[in-house]
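Each structure below appears as structure tokens.
Note that subunit A is present in both complexes that follow, paired respectively with subunit B and with subunit C.
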Partner chain A sequence: MAEIPQSRAPNPKSDTPVPVWRLLPRQHLALALGLVAAVVISRFSGSIDAYLVDVAIGIGINVILAVSLNLVNGHTGQFSLGHAGFMSVGAYLAAACTVFAGPRLLGAAPGPLAHNLLFFGALLIGGLGAAFAGLLVGIPSLRLKGDYLALVTLGFGEIIRVIFQNVEVLGGALGFNGVPAYTDFAWAYGWGVLTIFTVSCLVNSTYGRGFIATHDNEIAAQSIGLDTTRYKTVAFAVGAFFAGVAGGLFAHLKLSIDPRGFDFTRSIEIVVMVILGGMGNTLGVILAAVLLTILPEILRPVAEYRMVLYSLLLIILMITRPQGLLNFRFGKTRL
Partner chain B sequence: MTEFLQQLINGLSLGAIYALLALGYTMVYGVLRFINFAHADVFMVGSFAGYYLGRLVPGGTLWGGLAVLAAAMIACALLGVLIERLAYRPLRGGPTLNVLITAIGVSLLLQYSGQIIFGATPRTFPQLFPVAQFHLGRVGISSNQIVVIVVAPLLIAGLQLVVFKTRMGMAMRAVSLNLKAAQLVGVNINTVISFTFALGSALAAAGGILYSMNYPSIDPLMGVMPGLKAFTAAILGGIGSLPGAALGGLILGGAETFVGGSQFSTYKDAIAFGILIVILLLRPAGLLGRWTAEKI
Partner chain C sequence: MPPLLQLHQATIRFGGLTAVNTVDFAIAEGSLCGLIGPNGAGKTTVFNLITGVYAPTHGRITFAGHDLAGKKVHEVAALGIGRTFQNIRLFDRLSVFDNVRVACNRHRATGPLQTLVRLRAFRDDEAAVSRRAEELLEMFNLLRFRDTPATCLPYGEQRRLEIVRALATRPRLLLLDEPAAGMNPSEKADLVRLIRHIHREFGLTILLVEHSMRVVMGVCQTIAVLDHGMKIAEGTPAEIRQNRKVIDAYLGEEHAPLKAE
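After this line comes the complex of A and B, so read on.
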């Protein structure tokens, strides 16, 4: 949300009393409101059709994935094709936490608070694990450019998949079953709001201008003394963290995960969301994530044409409207 | 020792196929500086062309097999030119990222329209060439492997001839050195680029048919893995270098076969990516590639 102007800090010396809602910067206020809204709506989710709630949670998870990938592919201009790989790291780690460590930590009669704390911890561990994987892949490969980086991230995603297929403790090729159903509306949307908040604050901060400089012209950015590799690594790690959290949410929504569910096609789906929304345009990317989650549900009768549609969309968009379909900023485009 | 020789033969025939595919990647990269992701799917289309054309000729004859091979190569050459004309040419000179995304889009389009047209279930590739099994001592070699080991080097030699002995080849080399300068001295770059795509796609089709003869289960997603591995081979050899692509293909085919024969066989698919990552970190220019400074 690059359009949002930086809100001024409240000035305590002015004579007019400062309204309560100006005590916090606008983004923080939006974050607080979003979190409250997520929890409140979640209270009523029992009275909504279960199918709709399921789709809504799917939208939330896809928003997290798309917005976090947008930090890497859009704002920083590094083309990563391994987002599903990071998602799988988070999914497996978080699921392993709740399945293996959960019963021991919870004790005999756990209350809802204990469950929520456990899930929060599991998601954090999943996210941190994915961020660590992001660093592991990112530090060496981010010195590469464009095509090469796309390929290394793709290769990494495939390696991760092969490894998970071979780890018998995590179910191997059969998939990891029996994950407890923790993900609900509040969790998905709470993390969604947090992702949007973190990414837009990061990008709009003074530090974050470095991401955009790296995107616009890497050589120019280096020549004025920006450590572009460092920026790319940070973007990669933060993006991977949220991908890991989304993976954890996904695992506790579907209750069963399978290495093949995190393959190249999944990464492409997220990439399509980012491109459709306009790379580097958070609002557009959110809209695209919503649209591309609902569309397959509506188009279920013609499901086999979905990927054909996606690929045509990619080609036509790149040729006719490379700034993205849902990018409503006219005039200067950032691509 | 016997087992080593056996694996060497298997690795050689697999490596020759990777080399054929890698040449296509490296040629397109040479003239246009981008990874043609769709190349792997042209390979798949070549294999399906062989499947359908194979019904028209009597199976198991040498002339029939060669005719199918030639026809599939021509069909894929046309497909390659068409892809370049429709998808890549409008973006020429645009940001690399856009071209890359388009290439991925074309690749997915071929895969998933293939699933609709050909069906997603795997099919059995027909026996095009005469079948026989030869034994050299205790080392076995099938006629299909012999076809691969004979046809692939012939095609690679033919490519060398075209690139280094013809006017068009000279134009290709000029474009890959400097596209704008070539244009200034009167090279018609559209023709050269179309020709490069035709040549690369024809080799991919040949690779597809040779691959399917040895691994006779074909489906619309079959190109993905060999494509990624051949691309790794192209990088390993030094992208833009023709002998490098051939060498990379052979090394990769050998490495994969030996890992597949050891106790780590389940990690067979990961080995190519391991090699890719190591080579990009240690020597991004590849074994035979030249390091070029970036000009501003």
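After this line comes the complex of A and C, so read on.
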């Protein structure tokens, strides 16, 4: 999905009829296939070990988080450490929707469709709320560069955490409990596919090359007429939106959320996925998200040494592939 | 006809240093002008004033009837001022093709939302941009490097690509900041041909900052000379070569009146 070639306008002169599946742009075909696959696989997930399904959904959520952060940190080069903060905004908003507004909206005997619609709406609200928070933080702080921006976003994440810790309606420091179990395989992977689709489509276009141009050389990007502040803001808002959705999915998977679950280490975890995957390389970032979610699970048997081994493996990976797991361009011979 | 670009008493101070001091300067539409002067004379600062990187402390700059005061860099670019940089600034992560394509953004009809929907209009738009980028690359003999990362290009080609990228924005005024820096004599001769070609084919106005007298005297119709932030002379290449002040400040005694460089 990383390097989707530009769909070219079909040659008007050719006489051969266009196959039916070519009527859709390639990206949309991939999106449709992905969504169908997510739903179909989800049908069979009942027969799979619940633990494995749980890990798989966790992978899906982390893919959403990593791919969306990749738009900000990888493509646009704005080092954000606040992704868990946006995630928590989405988690609390979506959970509040289903917990408080849900019973009123659903009525006496809700069918599965009503539940699904409610959840979809809640995720959208969570995502939009997070995107709004992204704009709120982004607009004043995106003038800052590099380390300074990282510090501001880090501070934002902490502020959000403290706020949720003190809002009694949302459970305060005890956590927000009684969230309905809506998240299943189809929801997590459906949104995962949608995230990958959105980021890929945005970046793989004349418009989207501006994100990378902003990263590579801001002054040059401005000199060809690109509003780099605008680009950064869009990247920030889109990234925050999907972080919010991932938060909503997370809340309805764990059924109980706690402000401490969205702290600084969670942000770092996502940043590590982006760096390990190779900044700006979507496929690599997906792979890193999968790897880094599975790794702690595989290391469970070694109990207390788990985090030691995990960190050690990270260090080894960073030494052997500093350019990212799947980035092969780096070492190529120059012309 | 009023000049395309006009500097009125343009001045900028950085703390105690007056980098550009009450410079009056006008460029007529369609002309090819040079801006020369010793190192630190303020040539690049003038470029940065024109393109909105710096705001003048005093004075006014107008371009095609627009006052550039308070305009951001990308807004100035959108008015039709393209530029290259003294130290090459390409988009390293992008291919040669994408470096040019991204510069076509200003003339795209469809917005960011269409990148998701990808309707016919979007695809036609993208195809038109691709065609235009490829035409430009072809014209400057860079199409063979289409998918090469921009940083992997040889130095001379990188300079050329930067010019192509600026042209892709369809500017009315092109600012070239030391395009001949680091070039050997034969490359400089090619560059002179290239600048003349661009001037002719694209019907552009060009302002050139350059140290190589061979290039400046070869292509420019008029030349302005800066020294310590002040404009000390302006005229045709022949006049500048004879000018006493210019010889003292910049050209030097021995090679100025006879032949440049």
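The working rule: the second predicted complex is superposed on the first by the 298 of 335 C-alpha atoms of A that agree within 3 Å, B and C clash if a C-alpha of one lies under 4 Å from a C-alpha of the other, contacts with A are read in each partner's own complex, and residues count from 1 in each chain.
Heads up, the rule we're going with is that contacts are C-beta pairs under 8 Å (C-beta built on N, C-alpha and C of every residue); 3 or more make two chains touch, one makes a residue touch a chain.
Since the structure is predicted, the reported quantities are computational estimates derived from the model, not experimental observations.
Once chain A of one complex is fitted onto chain A of the other, the partner contacts of A:Thr206 are limited to subunit C, with no touch recorded for subunit B. Once the two complexes are laid over each other on the shared chain, residue contacts for A:Gly244 go to neither subunit B nor subunit C.
When the two structures are aligned on the shared chain, A:Ile219 is found in touch with subunit B and with subunit C.
When the two complexes are overlaid on their common chain A, residue A:Gly171 makes contact with neither subunit B nor subunit C.
Of the two partner chains placed around the shared chain by superposition, neither subunit B nor subunit C is touched by A:Gly277. Applying the stated touch rule to the two superposed structures, the overlap between the subunit B and subunit C interfaces on subunit A comprises residues 219, 335. Across the complex, subunit C meets subunit A through its residues 51, 53, 72-74, 77-78, 82-83, 85, 89-94, 98, 101-106, 108, 110-112, 115-116, 118, 120, 122-127, 129-130, 145, 148-149, 151-154, 165-166, 168-169.
Here subunit A touches subunit B in the complex through residues 77, 79, 81, 140-141, 144, 146-148, 150-152, 154-156, 158-159, 162-163, 165-166, 219, 264, 268, 271, 275, 304-305, 307-308, 310-315, 318-319, 322, 335, going by the rule given at the top. Listing the residues of subunit B that touch subunit A in their complex gives 34-35, 87, 90-91, 94-102, 104-109, 111-113, 115-116, 224, 228, 231-232, 235, 266-267, 269-270, 272-274, 276-277, 280-281, 284, 294, 296.
Those residues of subunit A whose C-beta lies close enough to touch subunit C in the complex are 6-9, 25, 27-28, 197-198, 201-202, 204-210, 212-213, 215-217, 219-228, 234, 280, 329, 332, 334-335.
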